[in-house]
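Heads up, the next two complexes both have chain A, just with different partners, chain B and then chain C.
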Partner chain A sequence: MAAVLLASAVLTLTFVLVEAAPGSAADLIPAERPLPPEARARLEAAYGLDRPPLARYGTWLSCAVRGDLGWSISRGRPVAVVLAGALPATLLLSGLALLVQIGLGVALGTLHVVRPRGPFDHAAGVLGLSLASIPTFWLALMAILALSYRLPLFPPSSSRSIGADAWPLAARALDTLWHAALPATVLGLGAAAALARYVRAGLLRALGEEFVRAARARGVPPSRLVTRHALRATLPPVVTLAGVSLPALVSGSLVVEVVFGWPGMGRLAYDAVVARDLPVVLATVLVATVVVVAGSLAADLGLAWADPRARGAVSEPA
Partner chain B sequence: MTRAARLGTAVIGIWVAVAVAAPVLPLTDPAVQPDGVALRTLPPLTHAWEVRLPDGTIRYANEVRREGTGPIAARRGETWSDLPAEAQVRKRLFVLGTDLFGRDLLSRLVWGARSSLLAGGLAAAVALLLGTTIGLAAGLAGGVTDRVLMRITDGALAVPRLFLLVLLAALYRPSLPLAVLTIGATSWMVAARLVRGEVLTLSGRPFVHAARSAGATPVRIALLHVLPAIGTLVAVEASLRFGQSVLLEGSLSFLGLGVPPPTPTWGGLIAEGRDRLLDAWWIATLPGIALAGVVVATQWIADGVRGDIVIRPREERP
Partner chain C sequence: MSLRGAALAAAIVLATACGHGEPQAKASAAAQRGGTLVVGAITDADAWNEYVSQQTTAINLLRRIYLRLAQEQGDTKDHPPSFAPLLASSWSFSPDGLTLTMKLGSHAWSDGAPVTARDVRYTWTAQTSPDVAWTGVSSKERIKDVHVVDDTTIAFVFDRAYPEMLADAIEGGIVPEHVFGKVPFKEWRTYDWSTVRIGSGPFLLSSWTPGEEIALARNPGYADGKLPYVDAVVVRIVPDIGNLETQLLAKTVDLIDGVPAADAKRLAASPGVTLVPYDNPMFDYIGWNGTKPPFDDPAVRRALTLAIDRQAIVDDLLFGYGRVSAGPLLSSWWPADATLSPWPYDPREAIRILAAKGYGPGHPLEVELMSNAGNRTREAVAVKIQEQLAKVGVQVTPRTLEMRALREASAAGKYDAYLGGWRFSGKLDLKGIFGSASRPPGGNNVVAYASRETDRLIEALGTAPDWRTAKAAYAGVARQLHDDQPYTFLYEAKRLVAVGPRARDVVVDVPADPLARLERIWIAR
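And then the complex of A and B:
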């Protein structure tokens, strides 16, 4: 329900923004000479631009609901088709980045509590702070410089090798993963720092609780105490925070895709802006929001799985 | 204040001072390109020679020898052995090297700080003003107003910001005011939530009741009674928001959608260095370090100020 409301709010917002912008959509059509007024009027009539804004708003809504997002001027194909081609790449990249974020965040957070206020704690703190402060697009460039140019370990751009289409499926999958390694890591690193802080706080709290003391009394070794007992208790905040960090992740994928030449939605949006292909830019905002909302819903479901106490809360109608 | 917070304040203070003083500092004009051949992509700490001929013209050389009557100067690919004996030779040091067009990178970094910090600071101010107003209104009004405002806040949080900013840059011509307004208008949500949560806990306190029973209007209570009490919280958010806004402006300028050239910005400098990572790494690297340094400093300040809050109330959910 909330998701539908949000999607319609975004549709309305984008419509209002386009309406408020100077110039008309007819200006966007590339022409060698300024259009004569009668040709312009014909063009506006053909595209329905002469109708009142409210009527066009209704058309915009009803078409979007049916999955018709308009026509891409620069690519000469329906926007929905263009987007459908780019969405899987973005989902793959964001998904891998999420894995990196959670894996590294939990690892850093655990490193924190090995000895609170000890050298590892401080080192993890410094690392986390730096990761959270480094601009993603710059980190991407530095990663390319270090790991693609100086040490040619990973490809600097694109999502697959030349000629990979003819390879067997397993080889193609490995090839894509190899290409995704650098962009996904860069994208996940920044968010991992915030997660590490939560894991640290959660672990410290859990380690003081009775079930951990009981386990310790039973003779459970400290490493197992952290990995098996305390970490489980920090799962709910990890899932919640992963859900909260989704908008940042999808935003970050825009610059990362541009730098790494990753053929996803972010690069599509950027290319469309450069080509002044407004329908595509509008659609990417909408689809990116839908991706985030869907991810948040998944995080809520994940929370119910991670925290039995939250199950009742989720099953209520939102 | 902790040591880190003092250090952070010093970093920000020095950058702001340098940025404000840029016009009077002994720097070359950041836009001037004295010699695209001799001065192009000089690494940091490289010397070049300024050869002033008797007729007043200035030539730049990479090497100068004195042999017999006059100096012999060499520029990439050519040697001038016919220079008159009266030619004056001056050594110039490029501390941070030069960019693709032979412009002094130190000067561009300092002038870039001007636009980057100005855009980030103003955007953070817009975000805080919006967020604090909405948070105060929601927290003090309660009821339907509160619920509607918080739903809008939740919705705004779910939109991937960079996609929206890219759309706005596509609709309007990129400029400094546009960057400030759009970044500010998409960054107020955290402040609104924090302020509202704090207001909810404060509104039950005796001093608010006292003010209300004395006949103070809601606006007066908000501005004169509640706002001073949440000053620390707003200061923490201000510091963090400043860092994030500088980062966001950097992302936009990196994509070419922020403050437009020829004004140098940190994000723009990184973009210029992007294509020359292999042979001129310093062009993209140095502005990135400056950018990350400013963001780290804001986090240090926030952590220091936050440490002064004795009780940190938890955010309440409706």
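And then the complex of A and C:
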């Protein structure tokens, strides 16, 4: 119920904001081409843009409840079809980026504490700080320059090779993963650096806990102490952070999607805002809201799995 | 070009060995068949119907799918363009000059059905239907009717004779009635036309992945059996021009239209890359608010024009890819008056005129100059103009607005001056831009320019029976606008196509249609 109210409030606010901005979807016509006023009026009438805003919003809302998200003026297709094309691409990119974030973040954070104040600790610290500081667009461009141009290991753009449609399913899947590797890595790197700091702090705290000292007293080797005992204790905040960062990865993928020409939700939403394609704007906001709620739910479930103490708290009403 | 694009392009050029691009092979005798041409584009298509689409990416490709009756040639310098036969094999005018009769050649749709005169008439009914709301409908306003004489003969009946009759008649690709007719006109704007795979041109739409890729395939039933040379054209859509330029250098993209002039030198120095500049049918200008003193005074506007060094703008910001504009009639277009020179750069005269109007060091003229956000060239031009006008004591404040906000502000008269541009194909709607009846609200004459003499000359233009009479009328309008300076006409910028080493015979000779010769491009292997 709370999720429905949240979605309704966000959608209404989005509609009001887009409506309050100057112009309309009829302005999709390049500004340099003189359009007679009567032609513009006919265009607006053809898309129903001449109707009062409240009537349009009401129509969109009632249709959306029945599963009809409207028509995209800027893409010439039903919004549901447009979303069906963009959402899987973003979910794949974000999912892979999340793997990079968790894998690299945990590895870097663990390296920090394996040999505190040693070369690994310093190197991991410098690397983490660098990754967190570098702007995503610059990292993306340098990745293209280094790994697509100088050393052509990965494709510089798109989600598939030319002619891949005719390939067998397995080949197409591998091809998509190959295309996603570079943008997903770039997208996940910055978030991984932040996660590494959490892991490091959590591990250092856990290593001082009684259960770890007891294990050490039992003769458990240091590396096993970290990976089997202390790391498990640091997982709850890591899972929570990863869960809540999923929406950020989805919405924050715009820059990566633009630079790599990745046909995902970020670009779709941006293009729709620029084109005043209101049905697409509302649909992408709706999806983003669902992802936020799903991310929080996933974080709660992950927390319950990682920390038995949290299971009761999760199941209790707030 | 974006900052990040510039950074990447610069890094790439530093990383590559410098050298001069090989001259583009032009001899079609060596043309090879086969291969896939990969075109890079920063914008996607919006709809696969020319009468619904607003985006040039789609329209340029649709012209290769749905042929017109004739193809406009690029010979517009000294006379109206000539036309080469496409669907029509010949045409003639009636003795009174009001009826244009066209004979169709032997063409078929890709499903095997013949292209008939009924398709031509059906297309005209679609073009003029209020339900379709085609934005180019003004080209048909003088066509009273279209008669089907027989299966292969069609007659256009005009309400009067004028120079651009043929251009107006052939405007727009012919669509098949037996396929498009199944969709009522009322539903055209909410129909997914990408599912319709038919055409009469050298290519057919093969697939479209929005935001990523457009694929065209050779039409096996195309009338000219030798063309197109390539088997397929794939358009890769990548919004970042820096990425596209990287792909051009890496030879994974063969052609990019609209390369920023700032990148031209670097790209031209890269091995195998050739630049093809072409005349862009567009001019940029400063629009002065004609309803607000002192910009309502032609003498003040003239002084401001005299104080702007437009050649420096062309040299420094367009990197030489352009020319100073004398008026709205493009220099590469037949109505242009070669004897009309742009106002010179004369800051002393500007200071004298402004002083006579009461402006000087103690009372500087202040101007807020608006430009649209995202257009980096215009943003840079605004800063350059600020610097130049400061030398004559005019204080300019550049202000960047989102395009629609700028449109609203200018239409409401809430501005001093703005940077804008007009693009046209075939003819320019002078009445819509400078006619006193087109002033706000509603009209495109947002500078609220009003001149009886200009109105009279534009009316005369509308009734000119032949192009020589029209040229004289055009010259009169241009001279009047030159004197009144409702705009400061800045420059005509060229557009650049960058071509990689694989693509050959890339020729851009039709200004508003850079892919007009797409079927003649071939891939060297």
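The definition used in the following text is that the second predicted complex is superposed on the first by the 268 of 318 C-alpha atoms of A that agree within 3 Å, B and C clash if a C-alpha of one lies under 4 Å from a C-alpha of the other, contacts with A are read in each partner's own complex, and residues count from 1 in each chain.
By our rule, a residue touches a chain if its C-beta (ideal position, glycine included) is under 8 Å from a C-beta of that chain, and two chains touch if they have at least 3 such contacts.
All figures in this text were calculated on a predicted structure; none of them were measured in a lab.
Asks: Go through the superposed model and pick first if A:258 touches only chain B, second if only chain C, both, or neither.
Replies: In the superposition, A:258 contacts both chain B and chain C.
Asks: Please work out whether A:296 is in contact with chain B alone, chain C alone, both, or neither, and reply first, second, both or neither.
Replies: first
Asks: Regarding the shared-chain residue A:21, is it in contact with chain B (first), chain C (second), both, or neither?
Replies: After superposing on A, A:21 lies in contact with both chain B and chain C.
Asks: When the two structures are overlaid on chain A, which partner does A:149 contact: first (chain B), second (chain C), both, or neither?
Replies: Touch status of A:149: both partners.
Asks: Check whether A:223 is in contact with chain B, with chain C, with both or with neither, and answer first, second, both or neither.
Replies: neither
Asks: A:59 in the overlay: touching chain B, chain C, both, or neither? Say first, second, both or neither.
Replies: So A:59 meets neither chain B nor chain C here.
Asks: Look at A:267 in the shared chain and tell me whether it touches chain B only, chain C only, both, or neither; answer first, second, both or neither.
Replies: In the superposed model, A:267 contacts chain C only, not chain B.
Asks: By the touch definition at the top of the document, which applies to A:138: first (chain B), second (chain C), both, or neither?
Replies: Both chain B and chain C are touched by A:138.
Asks: So, A:278: does it touch chain B (first), chain C (second), both, or neither?
Replies: first
Asks: Would you mind listing the overlap between the chain B footprint and the chain C footprint on chain A?
Replies: 21-22, 137-138, 141-142, 144-145, 149, 258-259, 276
Asks: Quick check: in the complex, which residue numbers of chain A touch chain C?
Replies: 21-24, 27-37, 39, 42-43, 45-47, 71, 73-78, 81-82, 85-86, 137-138, 141-142, 144-145, 148-150, 152, 155-160, 162-163, 165, 258-261, 263-264, 267-268, 271, 276
Asks: Going by the contact rule set out above, which residues of chain B touch chain A in the complex?
Replies: For this pair, the touching residues of chain B are 151, 154-155, 157-164, 166-172, 243, 247, 250-251, 254-255, 257, 267, 270, 273-274, 277-278, 281, 284-285, 287-288, 291-292, 295-296, 299.
Asks: Please name which positions on chain A make contact with chain B in the complex.
Replies: The touching residues are 2, 5-6, 9-10, 14, 17-18, 21-22, 129-130, 132-138, 141-142, 144-145, 149, 247-248, 250-252, 254-255, 258-259, 266, 269-270, 272-273, 276, 278, 281-282, 284-285, 288-289, 291-293, 296.
Asks: Across the complex, what residues on chain C touch chain A?
Replies: Result: residues 4, 7-8, 11-12, 15, 36, 38, 44-49, 52-56, 130-133, 135, 137-138, 189-190, 192-194, 207, 209-213, 215, 234, 236-240, 242-243, 246-247, 249-250, 252, 282, 372, 402-405, 407-408, 420-424, 429, 432-433, 442-444 of chain C touch chain A.
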